[in-house]
Structure formats: structure tokens, C-alpha cells
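Shown below is the structure under consideration.
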Amino acid sequence: MTDPQIAAEILNQALPYIQRYHGHTFVVKYGGSAMSDPETIRGVIRNVLLLRLVGISVVLVHGGGKEIDRWLARLGIEKKTARGLRVTDDATMEVVEMALAGRANKLLVSEIQQAGGRAVGLSGRDGGLLVGEPVSTDLGRVGRIRSVDPDVLTMAMDRGYVPVVCSVASDEDGGALNVNADTAAAAIAGALKATKLILMTDTDGVLADKDDPSTLISHLSRSQALEMIASGRADKGMIPKLEACLHALEAGVGRVHLINGGVPNALLVEVFTDAGIGTMVG
Amino acid sequence: MTDPQIAAEILNQALPYIQRYHGHTFVVKYGGSAMSDPETIRGVIRNVLLLRLVGISVVLVHGGGKEIDRWLARLGIEKKTARGLRVTDDATMEVVEMALAGRANKLLVSEIQQAGGRAVGLSGRDGGLLVGEPVSTDLGRVGRIRSVDPDVLTMAMDRGYVPVVCSVASDEDGGALNVNADTAAAAIAGALKATKLILMTDTDGVLADKDDPSTLISHLSRSQALEMIASGRADKGMIPKLEACLHALEAGVGRVHLINGGVPNALLVEVFTDAGIGTMVG
Amino acid sequence: MTDPQIAAEILNQALPYIQRYHGHTFVVKYGGSAMSDPETIRGVIRNVLLLRLVGISVVLVHGGGKEIDRWLARLGIEKKTARGLRVTDDATMEVVEMALAGRANKLLVSEIQQAGGRAVGLSGRDGGLLVGEPVSTDLGRVGRIRSVDPDVLTMAMDRGYVPVVCSVASDEDGGALNVNADTAAAAIAGALKATKLILMTDTDGVLADKDDPSTLISHLSRSQALEMIASGRADKGMIPKLEACLHALEAGVGRVHLINGGVPNALLVEVFTDAGIGTMVG
Amino acid sequence: MTDPQIAAEILNQALPYIQRYHGHTFVVKYGGSAMSDPETIRGVIRNVLLLRLVGISVVLVHGGGKEIDRWLARLGIEKKTARGLRVTDDATMEVVEMALAGRANKLLVSEIQQAGGRAVGLSGRDGGLLVGEPVSTDLGRVGRIRSVDPDVLTMAMDRGYVPVVCSVASDEDGGALNVNADTAAAAIAGALKATKLILMTDTDGVLADKDDPSTLISHLSRSQALEMIASGRADKGMIPKLEACLHALEAGVGRVHLINGGVPNALLVEVFTDAGIGTMVG
Amino acid sequence: MTDPQIAAEILNQALPYIQRYHGHTFVVKYGGSAMSDPETIRGVIRNVLLLRLVGISVVLVHGGGKEIDRWLARLGIEKKTARGLRVTDDATMEVVEMALAGRANKLLVSEIQQAGGRAVGLSGRDGGLLVGEPVSTDLGRVGRIRSVDPDVLTMAMDRGYVPVVCSVASDEDGGALNVNADTAAAAIAGALKATKLILMTDTDGVLADKDDPSTLISHLSRSQALEMIASGRADKGMIPKLEACLHALEAGVGRVHLINGGVPNALLVEVFTDAGIGTMVG
Amino acid sequence: MTDPQIAAEILNQALPYIQRYHGHTFVVKYGGSAMSDPETIRGVIRNVLLLRLVGISVVLVHGGGKEIDRWLARLGIEKKTARGLRVTDDATMEVVEMALAGRANKLLVSEIQQAGGRAVGLSGRDGGLLVGEPVSTDLGRVGRIRSVDPDVLTMAMDRGYVPVVCSVASDEDGGALNVNADTAAAAIAGALKATKLILMTDTDGVLADKDDPSTLISHLSRSQALEMIASGRADKGMIPKLEACLHALEAGVGRVHLINGGVPNALLVEVFTDAGIGTMVG
């Protein structure tokens, strides 16, 4: 255990950050390796609860690609992708929704409750939270978001719950759509005019040279982000994330951060220290 | 279409029932054949929304045995039962939770939203709603309920949402438990001091002679219900339902009804006409 | 009694109408033959309470010509009319106010209370609700409305009461004015930005040919209404009603309906069925 | 006009009385000669508004015997009395209600509005305020009060209105009952747990010797009041007033005052000076 | 003691003034001889409480030159003035703040509490109420006000307290500044959009000829006030007061009054009688 | 600066303490050497603001003996003590109140505002917060507390302000009383049913042997505390503190802590680490 004097001094150093964000709203896209093992999950959850207790309202948005893959495999359903996206026929969509809303979501809710917090698990279909439309016919039920009704989120946050949202939307007929979790988080952050959107990834942030990990960019302006997408300098997996960042900023979100969810206490380091980690866009 | 004059007169006749129940809370256990086809589901949902609009707060509690069976079969997991209950090992529990929280629950939420209502889908694990413990070691994760925290339900109802709850609870370690939906509905009704608990079944109600459908009992007193359980006169499938009824009544619920969910508009007939249907216990 | 299944189905069919109007405000001008016998009054009152219970705020505005005539006759005061209006000298005004505020108003309040509702009887003089001025010197205390302060109405509706308002206004000196009940209802509907103004009359609606009852017009546009007034095609008794309709529409009321109050359940037929009755203006 | 310095000093002297009664409720029975001419009425109304503005909630309860007599005479209906009470057959009741609810009540409301206050005129039939039963068959619709629902009064007072209530009650069938205004005021004061009930009369208060005006009693204890009724020493017209006083005190009203409404500013003298006037019971 | 009838009549005459100002806010600069002896203080406090009880929110702003002088003398600190202002070095500022916030302020709070009112004593440093900057280096800590945050005042007034504010402000480093009490009162009145700012002085108001007390000006327009300052016709001590008046008017205060605080009940005479006293600016 | 990873981990470790105390109230007696130099003051203030931001309502109660002594010396007033207490004649009381309410209090308020918090400085005389009586005639205006009205504190805390209270009370005549700051803090903690009362002192806590600093007692039961007072084993300066602790515990305060205010971040170490410091009583 840390020396109490040092511990107290460190708490003290967090004061200006807490003052700055008290009463604000953060949307955190939670995913990737940060969701892979119980110990890491518990660590992230504790970070989230600490944010909550110092007066920051947090919405947790998650996907769950690995969980989906596992169930598809067990059910003998072939995984197909096109242009980097999961081709989602009706049979696949059933599995996607079950794995996200019925497994990953409830697991996170349970972890928050066990850690002494209060959480409500939601799908984008609850209360009309996320309404969308298919992206293109060949991708099946892969959807883009057309509207966000955040009422169910503000209700939960006002009552002290952490809303945990899985990235499933409704189409106009009430059917399920498979939406990218980064995109969903960005749309929700925009609708809530969140102060920060934090996207947890498996990399340390945006690289100037996608093949050289030593070229991490700390701060990326909007125009630089656009340029990286246009020029193809951005890693293919990074493109939808950068697009989500740009959409959120346009919708009025204050700052967007790409951080490595696998780093212990990444959220706290990002929010409560001068150091910051990963890439800030905006 | 009905003659408008007749229609209006019938609406008029519903007035005293609406006056009686305006501002009250009903818990409806929804299940069985009433959940089997889209048309019937839509019918029940419309009934629920009508109750809501005349000022009755409705909580919908559901199971989903057939959906669970379907996925177990597809996954090649053998279904085992003991003493009429599904033996729920960890692998089965995963499927139970996915099928209920990830499929059945979201389907019902979506139907309510499509019908112009507002719904929030919840598991008993959300907000610590249902906390329980295993019934016995040989049944695995089959659980009984020890405590109900209805805060998440009252929050949703106060804001105009219909809470849709699937019958999964948390154990003390945050793990999932498979609880009987009738039991869950009864526990929730008790915690909310609901005016009515309505259990939808596939039969017309309680039969005096379990082999003779013509012996339907309209009104069953508590002592008669106890006697039917004790004497074995009650059908085996009916016993847990009768026990749920008795628990609810002890917990302060006003009236409990067993109705055939397959009958069109069964809820409205029960609530808004003198006729009533099924069996009233209490 | 109706078959419960049919009754329930009919209730079900009312759902979309209830959804549409839940939370809205209707102003109903109640009068004529619909106010003549206890049975009919009770029927209208039950319709009003049903509207209230499905979430529609209703203001009831009434006159009471027959009651006034009866008391004038008993008191030996001669009834005089000029241009279709009751010449209202001071002695007549005393009788008008007594008959409306002291008799008809309290009768309606009492009927609502007896039917299980809650009502407050008001005059346009209460809380400065209706302030006006004399129309012309030869008509005495016949008034036109200059301003409406609906605070006393919203107070009552917010607390669950049906406000019942008689068509008497104050002049600038606090004296009583006799105002047309259709006009009063239209002014109140305008001040409340009501969704619907419903004028109950003794006829089935507006006739294209005032002498041919088979020429009922279902929908009359504003310009058509203006034309009917200008051209004299409208029945003389219908003119002030059409003018009230037009004023209400100009003040932001959504729809105005002229319906025959003598038809059983006319309000419910109009509001809750596709059929509609009478003439819709707007 | 008074010297401003003297005026200010007098205002200053009222401070402790205002502090004592700020936030309290007074019920004032208004009647007799204080209601006879416009000048006196205006004076009383101004007193009431002043009480209101210094933070005292006032309910005004009134009868109107002279107005009733006037209309009975005009209508050629014979006035009958038995045991000092108006025998009230159905024809008489119609006139009583019209004269009270339709004339006297609206006149007082209008005076308050004209004086810059806000008032709502109510009958005991509004909102189920006063529910009673016939006293005896030979008195017709003369009623005694069985229950008071003050919701409509607190609603009005909370919104800044002075409720003006006429002494008509409902029987169980919704019919009108003629109740004594002192009794009605006492019942209302009891239901509101008023700090003061003030009964305005045409005499200076209770006389020790009913034939000697110089024997005014300033303070009458409960037991003395009971003794005066029992012994017959009280004037016959004073008996129902003393009974009303005793009922109010039993129901928890703080103090009851009998004051001469004809004395200018009687209310203010009673409430805001040491002198007091009339007789205090309790 | 005054005749009760006359007293009541006078109270009655105050009605229109009370009606006019009910619910409004007055800022009163309290100072000079009106603060010199206990009897006078008690009189002003009673006036303030009376205003409060008739529904006027009052903020009391005070200085305390004599108290400061007394302590400076006792401490052997020389009093220096420049351009009519107290040169306030750090040692003097300590004494100013102690004398104002620690003596005069608490004395006034105590008087209000003793008189049955509720008061909270505040400095301009509490809650960031008054933030300013030094006027010029040679005057030391004499400050001008740059911003007013009235939150702490509205909090106190909403809860029924009279805020008593001493004229000390904070500079940007949190240090104390000595601000003129008239100026502080004007700034606060502007921030609260007060209906009236009342400056208590030791003179009867503004004189047309500063050497002739018989030339009191009852009403001074803005342009006349400006002219008096510009032309030098105003008394030197009067100039900062007139400037405070003009600033308040520009900031949206309704009326500004200069009254002689030494006149008994000066506040009541000004507010509740036609006479008025002193000079009204605006 | 600390390594961000270590810093974040330490923040994380504070989570259970924050969860435990979120929404609770602490009363902190602030004094002694912790109030002696700007750096230390700023440190304590930052600790207080951190408590506030993690959801703990803090009341700061302070004395200021050194400041009082300084002013007495400057004014040439002799300091007298009797039984360890300052003999407080009227001249001394003036200085006590000025030094506490006018200097120390405003300094602390200013520090909180400068540190980005919001504070309101109060005396026990504000809003009738502390009412007391003289302890004995020979001690002059030294007072004991008879009643606490915490309304002004809850008002301030509900609005987000830190109330800073100096230890001056009112006697029944509104005069000032000099009360011990530990006693005042204990009385306030009792009235607020605070979770913790923390007394900052210049020692490390209670010593088993008052002459041996190595005998610090971590936990002292109530009976042990009583015994230490009775037996005289407690240091003389410690006796009033122990008595304050016992009074607070009797009044329902959860825990009382005696900590050395001179230790950096003493408050945070006590509240947010397992280590704790000083002596816990209770």
C-alpha cells in the first residue's frame, strides 16, 4: 500500500480536474481488450464509479465483437465481412443482439452493481434511444443512426444510475440494427452535448505513421483528422473511429479522446492528470 | 368496423372501471402462448398501452421458455429438468439470459415502441432489482428471490415508460440466476404494493377437477388455494402459480388473477368488464 | 349488456385516438337540448369524465337560455330580443347571472361530482377569467369579450378538476355582462391554445342548403365558412357559431367541431372513432 | 388625509400582530349589515385584501338572507320559518342557491377583483367541499354538515386567490342543502385548522344580559359559552353562533371572535390592535 | 396609544401601496445618523421587517464610517483622506473590514433577530458577491466594483432572511477592498433589478441651492442630476450619491430615493404614503 | 510530479471511502497551527474542497485565539484568563467578535473562493444559529450553547456553499457571547446529525501518558474518554475537547476524530486512507 501522505497529496493534485468537470457529462465507448478479462473490467468499472462520485455523469457504450464471434462459431454461423464491416443477415443479427444485450450488457451492469454503484443496462432499442436505417443492402442489418432520443439516459443519470448501452438500434419497423459502437457513442455524446467523448481502443492512439508505434500524435486538429482520412494515412481500423470523432465534435461535444483501454486506470490518467494519454481530437 | 354509436356506448360502460383503477399499479406476468405469434403479441401490447393511457401503471414481467429451448437445441445443449424445473448449469444459464434479456425482452420493448408507447427493457440484474440465491445445488442456477429493489421500476413508470422485466436475478456475487417468471412477477407486485397481479397462462384458470375443463373456478379464496396445493388437487403446473398468488397476496397485493393469455383482449375483458375471465385468487 | 369480447375489442380500437389526444386540452361548449333532461346530462357528463381519465383536460362552458327564460317568466320580466340577441337590461342581467351561475352551473358541477369526478363551477367573473365590454347601448349588458385570463382554469385542471364555466363576463367596473356561450368557449379555447373546440348544438352541423337536412357538410374550410357568412347561405342561428369557430382557429385552436349534443355519446363518437359526426371547421 | 408621520408610526405598531399571524389562516363569516351597502362591502373587502397581503390566508364564507327574502317575495313564494330556521322546500331551495351562488357570491368576487385582489367564488357543492344531510323532514332542505373536503380551498389559497364560499352544501344524492353560514364557516375553519374564525354579526358581541347592550363580554370561556346556551341566558339568535364557536374550537381552531361587521375596519381593529372588539370565545 | 379606529383606517390607506410593491425587491443603503443610536436603529429595523412582511424583499447595505474612525483612533492609526475618500492602506483596510464585517454587520443582524425577523450578515467577499479593483494607487485599497454575483442574496431572500451586506469587496487576488456603501448598494440594486434603491442620508435630500435647506428638490430627472454634478451645483458629499443613483437607473432599477434616515419611520413614509419624503431621482 | 499511473491507482484506492461518505455531512473544527500560515491554510482549504466535490457536505467552524491576542495587545487591553478560559469583559468581547467575524472568518471565505470553491461566512449570531448564556459571572461574556438552529447552514450547503462559522453566539438579549470553537463545532455537528466531527488540534491526538508523545491512542471509547477526564489523566487543554467529543457522540454524531491540523493533507489522510491519523473517539 501507498504511503498515506503521498496518497493524500495525489488526491489533492486531482482537485483542479475535479473542479473543472464536476457536473459535466462524459460518454465512454468501452470495448476491445479492456473488456477481455474480469480484472481489467473491474478496473475500468472502478474508474467509472470514481468519475461518477466526483460529480461526472458517465454513459458507458459498448460493443462486443469477440462475444458475438464466439456465439456465431458455437452456432455454426459463418462470419462474413465486407469493407471491414460484419455482414449481418437476420440470423446473425439475432446472435449479435443476444450477445450484446443479453450477455455483455448484463455483465457490465452486474460488475457496476457489485462494485457498489448503480447501473441500468439499455439497448439502443429501449425508449427509442437509437433509431437508424440499413447502410446498404449487401450488409444486411448493419445500420447507421438517424436520430437519438436521450430521454432514457438523462432519466437514469438524474437518478444516480450509470446507463450501460449496447450498440443495437431500431429501424423504422422496430427491427434490430447492428451499429458500430464508436458511432453509437459519438451519436449519443452529440445528443447529450457531452463535455468529453472517450473512445477506448486497443492501440495507444493515432499514429502519424501507421506502421511506427513511436509516432503517436497527442493532439490532432479537425483538419488534420480529415486529412488523415482523405489521404489514407490513417489505419483502416482507425478511419471509422476518426469519423466518429469528427461527427461528435460537429454535434457540439467538447473534446474527443482515443485512449488505450488496456492501460490500467487509463480513464483516470486521462481525466485527472496533466499527463493525459492517447490522442485528443478537436 | 363497429357501429360508432355502439362503440361509444361501450367506451362509456368502461368508465366506472377506469375510475376505479386510475392511478393504480398492475403487474402483468406475460408468457406462454400469448407470446407465441406476432399478432397475439401486438394484441396484448395494445391492451397494455390502453391500460397505461387510462392512468394505470403497468409492469410487464416475462419469461421465455420456448425461446430458451430453441437456442439450447441449436447450441446442442441438452435440456434437463428436475422436479418440473429447468436444471440450469452455467452453460444453460448463459443461454437463458441471452434468450430472455437479449431476445424476448427486446422484442417486447420494440413492439411497445412500434405501437406508439414508450418502454424500457430491464433484467432483474439492472439496478439490483431482483437479488436471490440458488434453490438447491442440484438445480444449478435456478434461484429464489430474496429481495426486490423497485426503484428502477418506479423511476421508469414515473417518466411514462412501461418497464419490461425478464425473470433473471443476481446472486450475491453478481452472477445470474434463473427465476420463475410467475414468482418474479409476484415478488415485484408485492414490492410495489400493486393493486392487481395478473398471471397470463395457457389455460382458462384454475379447475376444480384438473381433468375437467368445465370446472373452472371463478373465485378461489386463500384457504381454498392452500388446500388445493396441499391436497394435490391442483395441477402440477398450477402449483407454482398458486404459490406465487399466495405470496403476492401476503405481500399486500390487492387481487391476483389467472387468465388465459391466448384469449383476444383478455386483459381488457378482465379489467374493464363485469364479466371478468379466468380465476381470481384472494 | 354487450359481449365482453366485443366490448374489449372496441376499447382496443380507441387506442390510437387516445394516444393522439393524451395530454391535450379540449374546450366543450355544452348547451341546448343536450342540457335539457337529466338522462342526457348524465350521458354527456360521463363522456366528459371518460375524456378526462384518458388524459384529456376538458373545460366545460355552458349557457342556459331555457333556464333564464323560465325565471324571467316567473318574475314577470318581459323577454326582449334585438338582432337575434337577448336585450339585457339590468333587471334581466340579474336573472341571467342567477340562472347561469346559481342554477345551471351548480347542477353540472353536482352531476360531475355524483358521477365520481371532481368539478369546480366558475363564472367568467371569477379570477378575472372573462373581461369584456357592452356590444352596443341598445342591447344593454350584452357583452363582447376583450381579454381572457385562464389562470383559474389551468389551476383547476392541474389539480384534476373539470372547470365548469358559465358565460358571464365582467365589464371594467366589475359589473356583469351577458356573453354568448359559443363566443365564450371560443375565447377560452383560444387563450388555452386548445387542441379542439367542440360546440354542442341542436342540429347535426352545418348544412350546405339550410333548408335541406340531407346537405350536412362534414368538413368546412375557413374560406368556405367565411363565404357562407358573407353570402347569407348560413342559417341565422349558425352565424355566431361560425364566427366563434373562425375566431378560435385564428387564436390557434387546432380544430373546431359543431356536433349535435342530443345524439347519445356524441363526444365519444366524435373523438374516439373514425366516423366523426357533425361538421369540422378548419 | 392623515399626517404621514402618524400614519407610519401606526403601521409600525401593527408589526408584532403581523409577525404573529404571517402564514396563518383565518376564516371569516361575512354577513348581516356588513353586506348591506356597497360602501361597507368595499371596506370589508379592503380589510380582507390587507390581511392577505401581510401573509394571512383568508377564506370568506357568506350567507345572504336578505337577498333570498327579496327574490322569494318577487317570485311570490311564501317565507316560512320553524324554530328560527327557514323552512326550505324544493322551490325555496332553488331560490336560495340562485341568490347565494348566483348573486351574493359573484358580487363579492367582483368587489375583490375590482379592489385589485384575486378571488374565486365557490359553493359548498364545488369539489365536494361541503357534504351534509337534512336536519329534519319538516325543515325540508335545511342541512347539517357531515364532512368537509377543503382541497378546493387550499388549491385556491396556494395560488393567491381569496376563496369566497356560499353556504350551500350537497346531500348524498348531489342535491342542494341550505346550511347556516356560521355553521359552514365553523366547519371550514375546523377542517383547515384555522388560527382564527371570525364571525361578523350585527351586534357588538355577546351580552351578559341580553337586554342590556352595556354588558358586552370581551372574553367568554368555553364553559361559560356552554352555560349561556344551557341556561337560556344567550339571545336566541346568538345560540347557533355560540354553537358554531364551540364546534370550531373542538375541531382545533385557535380562537373564535364575534365582531360587529358594521363597525368600519372591524377586521383590522380586531386583528392588528391591542384593543380588539366584540367577544372572543375560547 | 392611537385610537384603534384611526389606526385601522390608516392601515387601510396603505393597501394600494402594499398591492403595488408586493413581491418586489428594494435595496436600502443604511447609514449615517440613522445608525447612530440604538433607538433609531431599532426603528429602522422595524420598518424593514414590516416591508418584508407585506411581501417586499429587502437587502440592507451598510457602511460604518464612525465605527471605523473609532477603532482607527483607538489603534493610533492616522486617518488620511484624499479627494473626499479614505486613503486605505493595508493596516487601515484590516480595521475597516473588522469594524464593518465584525461589528456593524453583526449588530444589525442581531437587531433584526431580536425584533423577530431572520437575518444573515454578509460581506461582499462572501460567495463572490462583490468583486472589484483598486480605484487608484494613491488611495490604496479603495475599490470600485466590477461585477456582482447576487446568488447568495437571492438564496437568503428566498428562504425568508434579510441579507445584511457590508461594503467590502474582493479584488482578483481575494484581498479586501473598501468600497463606498452607496456605490455598493447601487451595484447590488442593479444586479437584482430592484424596484427601488433607497439611500438613507443625513440630509433631507438634494437641495437646489446647496446652502439653502428650503430648496429641497422632490423629483430630480436624470438629466438634472447629471447637470448638477457637471455644474458643481451639487454638494460635494452629494456627488457620489448622485452618481450611484444614475448607475442604478442605468442598470435597470426602477426608482432611486434619497431620504433622511434620521426621520422616524422614514422608510414607511416613503413607501406607504402619498407624501413621500426626500428626493426621488429617475 | 507523481507518475500518472501511480496517481491514478491511488485515486482508485480512494473509491471505497468516497462511496462510504458520499452524501454525508462532516463538521470540521479548524484552528491552531493549521490556521497560522497561508500555505497551510491553502492546503486545508483544498482538502475541504475535495471533500465537497466527492459529495461530502462540510461545515468549517473556527476560532482564532492568536488573532484575538494580537488585537488585544495592539489596543492595550490586558488578556485575563480564569480556569483556562479567556475572561471576556465587554471591551474584550468587541475585539473577539471583530477578530473572528471580521478577520479570520473573511480570510477563510476568501481562500475558498480563490481556490475555486464557494463559501459563505457566518457568525453564530446569523439566523439565530447559536444561542447561549453566560457560563458564570466572573468569566463575563464567555458562553455555553443552549440551542442550535442549523437552517442557515443547510440552506448554504444545499446551494453548494461551504459555510464557514466563527464561534460567537447570541445571548437572549442579542448580545455576543464568546464560545469555545470545539464546543461550537460539536453542537453544530449534533444538530446536523453529522457523520463525522473532526477537531483539528496542534497535537497528534490523545496521549495515554500526557507527557509521553509515543503513547498516542488510536481509538478511545466513550468510557475511556470519561475516565481520562475524571481521573485527570487527560491533559488540561484536552479536557474541553474530550467533553466536546462526548457531547457530539451523545447528540448522534457518528464518529469524532482529533487530528493534528499541522500535518499536510491531514483531512484527506484521515478520511480517504485506511491509515487514519490521530485519535478516534466513539
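To keep things simple, chains are lettered A, B, C, D, E and F as they appear, and every chain counts its residues starting from 1.
Quick note on the criterion: contacts are C-beta pairs under 8 Å (C-beta built on N, C-alpha and C of every residue); 3 or more make two chains touch, one makes a residue touch a chain.
The structure displayed is predicted, hence computed values, not measured ones.
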Next on the checklist: On a C-alpha centroid basis, what's the spacing between chain C and chain E, in Å?
Outcome noted: 57
Checklist entry - Just how far, in Å, is the C-alpha centre of chain E from the one of chain B? => result 69
Item to check | For chain A paired with chain F, centre-to-centre distance based on mean C-alpha positions, whole Å | outcome: 45
Checklist entry - CA centre of chain E versus CA centre of chain F: separation in Å? => result 35
Next on the checklist: Two or more other chains touching the same residue: where does that happen in chain F?
Outcome noted: none
Checklist entry - So how do the chains connect up here, line, ring, star, complete, or something else (other)? => result ring
Next on the checklist: Could you spell out the chains in ring order, with the walk beginning at chain D and its first step landing on chain E?
Outcome noted: D, E, F, A, B, C
Item to check | chain B - residues contacting chain C, complex | outcome: 1-2, 4-16, 18-19, 22, 43, 46-47, 49-50, 53-55, 115-116, 263-265, 268-269, 272-275, 277
Item to check | Parts of chain A lying in touch with chain B, wherever the complex brings them together | outcome: 71, 74-75, 94, 97-103, 105-106, 109-111, 113-114, 118-123, 125-128, 151-152, 155-156, 159, 161, 168, 170, 173-176
